[in-house]
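Look at the two complexes coming up: chain A is in both, with chain B in one and chain C in the other.
The block that comes next holds the complex of A and B.
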């Protein structure tokens, strides 16, 4: 039998930070990325500072003890970033050509915007990956509730994540049942499109009719009652939040000052 | 007899039933996207839940369902965070169309589908171009890139390819939502904010006299 672990104790100091502290880091890191991206370096005005800046994210993830999970999640982002870089550099024509190989021409303005866009995406998406890989969803929900959010909002959030599992399982059951009845699920595009309807309509319908019962259940258990709620799961602060906040703000201030100085000069 | 015009407020929109529909809508978006990729359809089909929740419960519930979809999928792939506004707009547009009773006859369906597709393209194209430089890593990106290689302007390439697939996507999503709503029994439909619109009047009248004949099978 699977039983939910009630309390969390993380041994890693960075991973154990309070969710709102991690969120502050994410926001400030994104701001710094945008500012650094606006600084052009060298002759071509490429925003090269974003590339070493991106090393912060993997370093942070390895230090948080989530190296392999980070790599798994960041692959999709790297794919998109690489695609952006290639498309921008090769396909946005401009007068100056930086590099040429046969019919492939790398244009200067395309390369500039490509580097800027792809590394901004990598930086901002990467820091979000760090936050969500080090924080469990119920921690986020609990932190939201602690910060004064209505308990219904957190209920919807948690219930959504469970519902995805439930409906995912149901959809596989329905698809197998429809296949057994003779609905073709493989073949050309039209056959596949036709299989889509009998798989999805019963799924949605079943879910909606079940909702009525869930309303009755929740109401009978006092979901709507306005009173203080008890929690099975409590969050603890690791005690290092202040230090991390100060470091994050200090780095951001330094980046802002640097950017302003470059503007003035 | 003309029924008096219904008044809406955001607070009554989020009834208990609506709150429980949001998770289902998000899960349907998610599963729809998965099914589309299992069946190898060249579309996302990941707004079905947003569309039917907005059709049943109004614009605000639809907008929340849309935003939450991208937040949840963004946990796995943060690139989706950038498209939160698109899904919110889908929910809002469909919800306001539902309130204006734009889903009652076939010619209104067509207008609604066009409006839905237009709203998505107008909101998605600037994000795709300005944040991702035209490519978002989906199947349609190859076509966009090919159009750009052939010399098309980046905006034209994005709007052209996204446009075709968005229209197809919206037609399928809308047809599924409509099929679902058609088979929901009226006794359930009345509990939803905009549910009354979809109850066929003769059926509703017959239901008062003869309650057995309300569920209509496909």
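The block that comes next holds the complex of A and C.
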């Protein structure tokens, strides 16, 4: 039977978790990240707990069997986080200077804000990377429908995820066409911006025009018909969801209690 | 005559315009026949298709005068999805016909059947059959976005054929395809014709219309200026003056006749030209 090929048989127990369980982990991890970011350490009140906390994400990814894919995806996030850290540390002035090299001064408040912001970004983006790298779009779609969400909303959600790739490809095609006409598309930031922003107009207009045909195609395929839909792909629970839910909630409660105790003290 | 679609004095205008895209059109389509629709750009071919399928006026809005009947019932009286099982519609751009929510071609073709709640076993049987028929079975595990234009158009056809509609409206399916892709698409259309489906095909490649269609409709400025047997319509040289393209064989036949070759009829297909010219040459020798 061909549909057996569509079934997912993940050998990794963490990767095989039900999408809603993974989503709970993502939400609680993000909440914990924000709480830990609010705890200042040492004289400078830096959010240093966020640094070891971030190690949870690569550990989770390696345990889920997606180490190399995670590294590929997180590189850009690390670059952005590093940029935020440098800009904040150098540009938010305060009386206390932590470090100085010539005209470059790292201010205490800038460093505090930079560490908080950059590691919060890395933690939250990292946990989302884990979820999306271990979960296929069709798993998310089925889980959403199983949770009672309208199939039209699910369609919008999933097609939007797919369309990001498609729009990326279209954007490259438009840029290539501009290059072929002699428009400068490479160089400094201003040159790139000059080439990029005009390309948004055909990209967006093209996407809007295509939407009409896409809607009619859906109509042709009976998308609007009110009946019980069939699904070729069925999603099963791995059986470890409850354990993971309990661990995630327990860790979050511990972090919340710790944070409240520190406030009181 | 088993009429399946009927236009009764149909005039249709899109919203925000006073100029009708279709003007006072009346005709009847017979079940099981293949109709080729030709005409220059802006003649109203796509609007005609949209009216048959009921997209106009239900989706496009606009003003409809007269009646478009499918099996005797006005298209405006059909419920959502009801016409999808009767009339399959294939659009010009293969890329836009991909649902965008399926990871494999097999699931993509099955999408329509899932929407209609067809049991899984039947879906599997029908999808397998149609994918083999349209020669895309070997691509079953591929992502629909990774295919070539020709392959995507065959997927679009398969996704509609799998719903088993009796009527197929196909709007310029080969406009973005290379000759090989075009040939494969027409092979599928030929198979559908053999299954006695009613086919309405809009196509600029008149030679292909001459080859496959039973009857031809010629549109110009929203009006139906010719409608009838392909031989009769496509050998009418006066259409050239109205900006309508005619098959190469018909033009060749006409030129031969003007040069004094005694052709008994103007051929519209290559095979017919072979016969007609052969007969004329025999006459000449005798």
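Operating definition for what follows: the second predicted complex is superposed on the first by the 195 of 265 C-alpha atoms of A that agree within 3 Å, B and C clash if a C-alpha of one lies under 4 Å from a C-alpha of the other, contacts with A are read in each partner's own complex, and residues count from 1 in each chain.
Here, a residue touches a chain if its C-beta (ideal position, glycine included) is under 8 Å from a C-beta of that chain, and two chains touch if they have at least 3 such contacts.
The shown structure was predicted, so the numbers you read here are calculated from the model rather than taken from an experiment.
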Which of chain B and chain C A:230 touches, first, second, both or neither: second
Partner chain(s) touched by A:222 [first = chain B, second = chain C, both, neither]: second
Touching partner for A:138 - first (chain B), second (chain C), both, neither: second
Which of chain B and chain C A:155 touches, first, second, both or neither: both
Partner chain in contact with A:167 - chain B first, chain C second, else both or neither: first
Greater chain A contact set [chain C / chain B]: B
Which superposed partner A:59 touches (first chain B, second chain C, both, neither): neither
Residues of chain A contacting chain B in one complex and chain C in the other: 137, 155, 159, 162-163, 166, 214-215, 218-219, 223-224
List of chain A residues in touch with chain B within their complex: 73, 76-77, 79-80, 83-84, 87-88, 90-92, 113-114, 117-118, 121, 124-126, 128-129, 132, 137, 152, 155-157, 159-164, 166-168, 171, 175, 185, 189, 192-193, 195-197, 199-201, 203-205, 207-209, 211-212, 214-215, 218-219, 223-224
List of chain B residues in touch with chain A within their complex: 14, 16-17, 19-24, 26-28, 30-32, 34-36, 39-42, 45, 48-49, 52, 64, 68, 72, 74-79, 81, 131-137, 141, 145, 148-149, 154, 172, 175-176, 179-180, 183-184, 188, 191
Complex contacts: residues of chain A adjacent to chain C: 1-3, 5-6, 136-138, 141, 155, 158-159, 162-163, 165-166, 210, 213-233
Complex contacts: residues of chain C adjacent to chain A: 53, 55, 59, 80-81, 84-85, 88-89, 91, 93, 95-97, 99-104, 106-107, 110-120, 123-124, 127-128, 140-141, 145, 156, 159-160, 163
